[in-house]
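First chain A sits with chain B, and in the next complex the same chain sits with chain C.
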Partner chain A sequence: MHFKFIRIIAKQEWLSIFRIKTPLALYSVLLALMLLATFTGWQYVNTFNKQQAQAREEVHDHWMNQPNRHPHRVAHYGYLVFREKSPLSFFDFGLDSYVGNSVFLEAHRQNTVNMSEAGFSNGMLRFGQLSMASVFQLLIPLFIIFIGFQTIAGLKQNGVLKILLCQRASYYDILIGKTLGLAAVSWALFLPLLFTALIGGVFLLNGNITPQTGLNIGILLFSYGLYLFIISMMVVAVSALSSSGANSLVVSVLIWILCFVIIPKGAQTLGNYLFQAPDKIAFEHSIEEEISKEGDSHNPDDPHFAELKNKTLKKYGVDSVQNLPVNYGALVMQEGENISSGIFNRHFDQLIKTYKAQNSIATILGFLDPYLAMRNVSMSISGVDFETFSEFQKQTEHYRFNKTKNLNEIHLTQIDYKNDRDQKVGQSNWQQMAEFSFKPFSLSQTMKNSLWGFISLILWTLSGFFVLQYISTLRKYQL
Partner chain B sequence: MIFNNKVWSLEVKNFLLGNTVLWGFVSLMLFGLYGFFHGNNVIERQEQILAKIPSVQTAHIQTVVEHGKGKTVGSTAYYPFFYTTNPPSPWAKFSIGQRDVNPFNLKVKMLGIEGQLHDSELTNPLTLLVGNLDASFVFIFLFPLLIIAFTYNTLSEEQESGVWKIVRISSSHTLSVIARKLLIRLAVVLLTSAIVFLMGMIYLSLPFSLPSMQLGIVLLCYVIFWFTLALMIISFGKSSSFNATVLVCLWIFLCILFPGIANIIIDNKIPVPEAQQTAIKQREGYHQKWDMPKKPTMETFYASYPEYRKYPIPEDKYSSGWYYAMQYAGDVESSESSDELFKKLEQRQNLSDLFGQFNPVIAAQQHLNKIANTDLANHIQYLRSVKRHHKSLREYFYPGIFQETLTENLDWNAHPKYEPAGYVTASLLSGIVSMLLWSIAIFFTSTVLFKRNFIHITDKQNA
Partner chain C sequence: MLEAKNLSKSYGSHKALNNLNLTIGPGEIFALLGQNGAGKTTTINLFLGFIEPTSGIALINGISVAENPQETKKHLAYIPETVMLYPNLTGLENLEYFSSLAGFDYSKQDLSELLATAGLQNQAFKQRLGGYSKGMRQKVGIAIAVAKKAKVLLLDEPTSGLDPKASNEFSEILKNLTLHGTAILMATHDIFRAREVASRIGIMNQGHLQSVLDAGSISANELEDLYLKTV
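Showing the complex of A and B:
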């Protein structure tokens, strides 16, 4: 390797790209698209979050202004939680449009997170959404293909390659130099833009940039830089393997379609095929079955609750539930809640595990398809990935359980067993309860979630050097 | 000369012997087969789930009634779920559309309907995001690529290899040479699509009826549109690389960017805050009734159901009639924003139909979904039918509730059965007309360009 030659060739590549008009024309189209995508994405997240915050406040006001009520009424009145989008979601939409935006939390029942944007869309969404991340992941690679497909194949066609090889430069130097030249062009054209858009967007959304978001932005910049480098390598490799520019273009575009359209869809189908997830009916049925086995609070002859009754009576040394110092009805309800919540959580964790297994195929295929690796890393860092969404579901269920437990506690101690239904307690009882707020993943957790994506990207880079080295040793690709 | 058989057969040979045709044909076949397999898989699974429902429903009602013995209907009616289904049409396997996103079965209780209407199915969101590689995807996204691969170097290849100069010298009808080459390619493209389509008909066992024919017509128009578009690009007479680049860019623009931008416009122009507002209003409307005098709530109910006025509702204690009247009041109070939501969703549909007029890719996809009954309109229709079913269920149980009948004295199995909304025949006219108009306009532009760039050549050097 001669760094001097590599530098000269990279510089030459850089200059030759800027000499012709087509790249600039394509660049201006991409630029316009990115500005449009960033602006509309930002605007959408901004209005969406405002709308969600408004709904959240409305629900909170309603909650605080409840009159004196029976605690179990309050438990059924429940709470509505509205999911807000993460600070970086204007850049990468990820799964955001396909997951629900609100969930109703009430006693006895775990409701689904409902009202996704995809459910209110007429299929236009399925063509793919235009976000800055999708421009980076899908279109910039195509841009690199268009500016780079000729790079080696062109030298072969006009015979310059032979002349170059007769001088002191090795073929490997030329390949690396070309890769660096292409990558440098794409870095110079796009990374500053990415940096500005991310910093500006986050700042305008939140008014400040937390250290974690700052770090996330840094990681995004680094991984997209790496991604563009990998794509440049692939384009140079295909160009080196092709006998003519036209061939190189056709093969590159085919690889693009394979990596961006076919493999991602295939990965998900394969995952769903290998790891079958239960449908809702089966899921609910198995939970119900297990609950009735363990203890059904609605069944008066249930052995579990008969035992609970005996134990409680013994504990307080009385002979009937009417004489208990606490409200036995509330005790039964909380026990029922403990049972059903425990069983639900177990099944839900299993369901999430199945989905994760399905998605793991895409993670593995990230070693075959850099787009998948980049997509997963970008979604994780932007907080719009599967893990973040299932974390939201878990936290809302946790909040629901605690809230119900608190209300049952009030019911237990402040409501008499006799004429239970006709009593009420003061509103201050639930006014002190904490409002729901979603705690996003810590940085280390985020890194853990995107670890395989990072490893894929780094492996891609390293093996790229080896592949270029290998190609450079084969005589037939020098002609 | 155009009828000279020998020249024709040589042209055909020349085209078919290239690797592109074989590769293109085989890969399209394979993708087609995969698409059929996938569509079949997804829809068959939905059908299996739907098939379980009748027995689940019967067993569920039985358990509830068993538990409720000795109690009133009003107390028991709180518990049972009633299932509704949106069974797939036979063409859903061809074009899955929104069927994987929207729930295809919903269970509703006697309680307020608005809080139950938007329950979602359990799904892996990443699967939804990447979407389906079904037959409609093969036709909408992959066929244009096949057309591009077959046509982009039709003339430029011969120009680049120098053959074209000889052709021009030896033939007096350059235009008929061009026409011959293109007609052969068109025939192969049409043949390939016909074969893939027929394979799909057989694999997915689509009935030989109007909707299948409609599918065929939409796809035919769509394939012709892309062919004329490719025609126009090669009529500029530029190099193979130029043609390929421009056509791929057009593909990306029409299949990804245009719909992406259209989607942004739709979201911004017609936002749907009504969805969450309905949820809030229904919950508030129902729950505040507990803390209010019973009379006004009952009046809301009597306004629609005056026949229950004769049953006394005690003001000082709980009664089942009052409970269900409260539930009903919650629905009444949220009905305005609920109607508004449906209206807005219809507006979204109309706006995207409008976008379809300018982009045959959107038009074709929308029409395939329409024919398959897998679009948003179908889902709205389903939700409306669920609402209707909920209404007839309530009306079935109200007499028992108000008369305080005992659970065992009511025939629970005679509750109204849900009738699926049924297949709606799609009207294709606007989409077909717009696709054909685009094709015709593009075709005429290309003939003019062909004449200018290939017949009356001013630049003799490149002729």
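Showing the complex of A and C:
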């Protein structure tokens, strides 16, 4: 490898691309699309955040303004928790439009997240929204194909490659130089745009940029840069293997269809087929069934609760629940809560495991298809991936459990067993409870979630060098 | 110096080149005559290292082409039938690009002189190659070859499609190069031009080098008769 020759070839590639008008026309179309995608994405998240904030405030006000009440009534009064959009969700929608945005938290019941955009919106969304990320992942590779399919095949057709190979630069230098030239053009045209859109978008949405978001933006820029380089390598490799520009274009477009349409759809279908997940009704039904087996707190003859009663009486050394220093009703309630919450968590974990197994197909196929790898990395870094969503569900259940437990605690200690239902406690009891706030993944957790995606991108880059090296040694691809 | 020893190339049962023995010394121009498919381009491609011989060996300055294609390429330059370079670059930029890839770092002044020596008119230097005539492009091709300071020059029908004046200028440049000790192998259809410029002439047919003659010892008419008899 001669870096001097590689640099000269890359520079020449750069110059000759910018001297033709077609790429620039294509670029302006993409530019318009991207600006539109960014703007609509940004506007959507902005409106969404405002509505969420308003709804959150309303729910909170209702909660705070409850009059003095019996704690169990408060527990049933319920609380609505809203999912906040991650700061970068305007760039990459990921699963955001398909998973729910709010969950109703109440005692005894573990509700799953409800109300997604896809569930309510009209046809537009079902066709798939156009996000800036999808323009980057899907359309820019097409752009690189169009500016690059001729890069070697065209030189073969007009005989320039022969003259070029008679100079001192090796074929490998030429292939690497061409790759770098193509990648440099795509970097120059698109990465500054990405940087500006991300920084500007986050700043306009949140008014500031936290160090973590800043770091995430950096990681996104780096991985998209790598992605464009990988695509350039693929385009150059196909061009070097083709005898004419027309062949190169046809093969590149076929590979595009394979990698960007067929494999991703196939990954999803295969995942669903191999690891079947219950639908929502079946999921909730199986939880209810299991809970009803565990014991019914409202049935005094239930063996599980009869044992709890005996144990409690023994512990406090009294002979009837009326003589207990604590409220036995609250104790029963918390026990029921423990049981149902445990069952729910177990089922939920199982469900998450199934979904993760489904997603693992896409992760594995990322080694065959750089688009899948990039899509997974981009979703994780933007905080719109499946992991973030299931984390939200987990945190809400945790919050719900603690809140109910807290209310049961108040019930246990401040309400007498006798005439239980007629008593009330002051509103300050629940007004002091912390509001729910979603804690997003730490950087290291995010990196862990997208680790396989990164590994495939890096492997793609390394094997790209090997493949180009191999092609350069074959005489039949020099003519 | 160019040397072929029992050089053969087969594609399946078809013998594109059959047992070629040939030596071209410094300062010599060897013209290969023959019909399309006679094996001229195969011979040149074997010396360029783009194809591997089935048997025998091609040597450039005593180095085997098949074993060290990267090394032998340092010593040679190649001009195809149609020099298609980068149409979006000017003549000067094309020359600069190719000579820098040959490892030379010429100044603008040097590059202009090279183009002028190759016979390109001054006002064309800074025009894009896309607007050049075939003869003008061929001259840039010569300048690229000369800039490489190669001692071996391989030409594949370099004068086909050139007008007589351009063709004549081309011959003069080749003769000039031989004065500096360049060995030239030229495949051509042009019997008249071959006799004019070459020191020796070979006639090929169906992969065989049928006859080799001194250009000075034969007239154009005699050569044409021999050619027509051979093919």
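Note that the second predicted complex is superposed on the first by the 462 of 479 C-alpha atoms of A that agree within 3 Å, B and C clash if a C-alpha of one lies under 4 Å from a C-alpha of the other, contacts with A are read in each partner's own complex, and residues count from 1 in each chain.
The rule we apply is simple: a residue touches a chain if its C-beta (ideal position, glycine included) is under 8 Å from a C-beta of that chain, and two chains touch if they have at least 3 such contacts.
Quick caveat: nothing in here was measured; it's all calculated off a predicted structure.
Asks: State whether chain B or chain C is in contact with more residues of chain A in the superposed arrangement.
Replies: After superposition, B is the partner touching more of chain A.
Asks: Regarding the shared-chain residue A:S437, is it in contact with chain B (first), chain C (second), both, or neither?
Replies: neither
Asks: Answer with first, second, both or neither: which of chain B and chain C does A:N323 touch in the superposed model?
Replies: After superposition on chain A, A:N323 lies in contact with neither partner.
Asks: Touch check for A:V160: first (chain B), second (chain C), both, or neither?
Replies: In the superposition, A:V160 touches chain C alone.
Asks: Where does A:F283 make contact in the superposed view: on chain B (first), on chain C (second), on both, or on neither?
Replies: A:F283: touches chain B, not chain C.
Asks: So in the superposed three-chain picture, is A:T196 touching just chain B, just chain C, both, or none of them (first/second/both/neither)?
Replies: In the superposition, A:T196 touches no partner, neither chain B nor chain C.
Asks: Touch test for A:S243: chain B only (first), chain C only (second), both, or neither?
Replies: neither
Asks: Could you tell me if A:S28 is touching chain B, chain C, both of them or neither one (first, second, both, neither)?
Replies: neither
Asks: Given the touch rule stated above, what does A:S16 touch, chain B (first), chain C (second), both, or neither?
Replies: So A:S16 only meets chain C here.
Asks: Just which bits of chain A does chain B share with chain C as contact spots?
Replies: none
Asks: Within their complex, state which residues of chain A touch chain B.
Replies: Its residues touching chain B are 33, 36, 40, 43-44, 47, 51-52, 55, 58-59, 62, 67, 69, 73, 76-78, 80, 82, 94-95, 97-102, 104, 111-130, 134, 138-139, 142, 146, 149, 245-246, 249-250, 253, 257, 261-262, 264-269, 271-273, 277-283, 285, 298-299, 351, 355, 358-359, 362, 386, 389, 421-422.
Asks: If we count contacts the way the header does, which residues on chain C are in touch with chain A in the complex?
Replies: 45, 48-52, 70, 73-74, 76-86, 88-89, 97-103, 141, 144, 148
Asks: What part of chain A is in contact with chain C in the complex they form?
Replies: It comes out as residues 5, 8-9, 12, 15-16, 19-20, 158-160, 162-170, 475, 478-479.
Asks: Which bits of chain B are touching chain A when the two form their complex?
Replies: Within the complex, chain B touches chain A at residues 31, 38, 41, 45, 49, 52-53, 56, 67, 97-98, 101-103, 105, 115, 118-122, 124-133, 141, 145, 149, 153, 240-241, 244-245, 248, 252, 255-257, 259-264, 266-268, 271-273, 275-277, 279-280, 283-284, 287, 290-291, 317-318, 345, 348-349, 352, 355, 361-362, 365-366, 369, 375-377, 379.
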